[in-house]
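Dropping a structure here in structure tokens format, bear with me for questions.
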């Protein structure tokens, strides 16, 4: 990803505000995220990281401003097209959002069934991605019977199984020990190399200190630092 | 907590096993945790940390072995006494377990209402503890409208509000930035100094590397290292 | 509290379900009360006519009356002379009046009209008594009123049996539907209940609000059902009175003790629904 | 799948609710079908008697017959001579036979018995026709059978009206209860539905299983209800036949097209319940 490569922004935000009542969860956020880029979003608890990701897949709608995703303006996407928009994303939710009454395998397979894939293909892909996430032997367990880290790995598997253009990962290693976390980060790197754009919200100092990718620093809903890819070292 | 202080174990485990089907979530675990001690439990994802804590408050029952908590043998506690046993504990669950249809304040107050406290006392205590956790201005929000870290702080507030003898904290800083995490750890330290026993399951390298407390290291359901308080430095 | 809005919906569903059950069941009750009234009216009309043999002497008639009055099940005995008999026959036959006018002699015999105790008035008892009366020497023949009323009593009893069976069935159905509604309501609260237990709530603490809600829902549901029934009753009885003046029997509402019983019953149903669903729910969750 | 066990309970609740609704509603239907049979039997019995003035000549009687037969609503006209009239009167009066035996002359007039088309046989029509017949010169007097049957028709029509009103009410109640049961079932799946949407499921994808379940539940519920009704019917009709031989009218089951209609109806109710609850649910969640 050299500086010479021509930029193709896949996500563009223009003066975006998100208000909950009187509170600004996001205020005047403008940013571009390039096609195939790897970006970290960080900042203290309640800074607006999850909100930023939610706006991208239209889990929430903006209060003000505009967002372009892969060329289409989100406020112009009709309700009926929202499912299509969401299939461009693979989201690792901060609270996992696994369906408690479906097994790990069924949770992952659901994404492919929703997209209308053939049953044999669904089985092959879902099992493959669960294996990569190290959940091969537990794929028939229900989420309540999985450990926190195991649930997180299922959530990761679900996010990547559909080969999405953009992966939004909200604290994807929060419940994982460093070895498991490294496996997940490697998995995501593999996806980036196959063309996906990766956006990760995280507190993890260890991960942030090791990266040479761009880090967007939020505080109180505002972008405090756009952290261009060149400034590797960050002072929090 | 000098080595000279006479030990009063508040939690004792003797050859405890916990099986789920053929799998040993815990195998042959024996340990003593002293009154007013501060202990970390660590280990890779799926090692059995959460299971260990669950057994203590009888969220699960042992498959084999015995557990003594504050002098009473858990398998001898009749079903009707389980609520009393649980009131000895303040638990920060890994997945928070906040009631989604109650506000942050109501979630915290519930613990005191369950214990039969007077309404004015409930209000005073619950508000006080939410203030300490930095959630004063958001106590009337419902969990789904709180950020991950905010939910975690409500969970912490709920765990400590009842002045429990033992605090079980399962990954209490997993969703928190380092400054918020430090506030929580300070809060717990305050409770320890008032006589509580603190047991924390965590992956957090930063926290573990800074402590001079005992660290119990689990792997595959077995205790690999009892980490006496003197061996401060640990090799993972 | 946000759960109020969610719960409001479930509460309304429960109340409506109870109200509808009570409405249907008590409409059945209303039907029975009024059908019973009609039946009793008809029953009062049942009497046994004992025709006296022409040869019987005047003095023996008094003895016969005594004998009849002492028979078990007999409430009253009335003598009807042949003249009286002809008068009433004339009154009955408007059209064929000329027929009677043309009579030279009175062909009717003297008779006793025997009334029975309404409580003992079953079809079988009437038949037995009639047979015993008919066996008497001075009695020529016996006619027990409109025999079809006896038949009708049996049909009515059959319907009563069906009604009671359906009532019991309906009771079970109501309890079933309500306990299911409450269970579904609990079902949507199961995370909450699980968490309450984890923070040390006793089953009592968890149950009390459900029980209170169940009892209130039962009482309100019962009252709403009865009010709906009353409105329906007013509409129908007004309609009947307008169309039939007082020709058809006057229909009446359920007596107040039945109304009270229904409310007690619906509170009980609310409680039982809670009891059944909570017991099972708390065991399994 | 674990949700199968959870859903099984909710599915059973829905099916039982539909079955019970159908059972109660179709039991009402059964009652009406049979009451209608009885009414029709009675209606066939209604006729107008036109008594002919004694002065009417033999030749005019034929003309009168023509006139009567041509009147609107008249199906058939039968001449009853005074002899015939007396015979039938004798047959009717068993007890008072001696009374007729003592007659010197026949006091009865000749008469026409007029039968109406059953379709046009309303109370008003009977009265109108009777008035028109009575206005004829050669007619002395008119008697229209058991006037109470006319009254009864009105009572029956009132009950029919109540029945249809209750039927519509019941339809709404059924749809209400079922859509609520389904909504409560959806309610306990709302996290699942929310997550499905987040991973890109269309509303169609989410709805299809609910609709299929709704239709199947409707069909199964309808059939279970009808089977329960049929068992109840067999029990009751056996009971009636045992107790009353063929004295009381023979009761029959619902005709097959009504049975089919009820099943179609219950499938429709299952669908409508889904439709209403899904539409509202997906809008709000």
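The first chain written gets the first letter, and so on, giving A, B, C and D; residue counts start at 1 in each chain.
The definition used in the following text is that a contact is a pair of C-beta atoms (placed from the backbone, for glycine too) under 8 Å apart; a residue touches a chain by one contact, two chains touch by 3 or more.
As the structure is a prediction and not an experimental result, all values here were calculated from the model.
Both subunit A and subunit D are touched by no common chain.
With every chain reduced to the mean of its CA atoms, the largest distance from subunit B is reached by D. Chain geometry summary: the mean Cα position of subunit C and that of subunit D are 23 Å apart.
Centre-to-centre separation of subunit B and subunit C, using mean CA positions: 65 Å.
Centroids built from CA atoms put subunit B at 30 Å from subunit A. As a whole-number value, the distance joining the C-alpha centres of subunit B and subunit D reads 70 Å.
Taken as a contact graph, the chains are arranged in a single closed ring, with each chain touching exactly two others.
Pairs of chains that satisfy the touch definition comprise A-B, A-D, B-C, C-D.
In the complex of the two chains, the subunit A residues touching subunit D come out as 57, 59, 80, 83-84, 86-87, 91, 93, 97-103, 106, 110-111, 114-115, 142, 158, 162. Subunit D meets subunit A in the complex at residues 1-3, 6, 189, 191-192, 195-202, 205. Taken in their complex, subunit C has these residues touching subunit D: 10, 13, 16-17, 20, 24, 89, 95-96, 98-105, 107-108, 141, 143, 151, 154-155, 158, 162, 173, 176-177, 180-181, 184-185, 187-188, 236, 239-240, 243-244, 247-248.
The touching residues of subunit B, counted against subunit A in their complex, run 20, 42-46, 49-50, 94-95, 145, 147-150, 152-153, 170-171, 174-180, 203, 205-206, 236.
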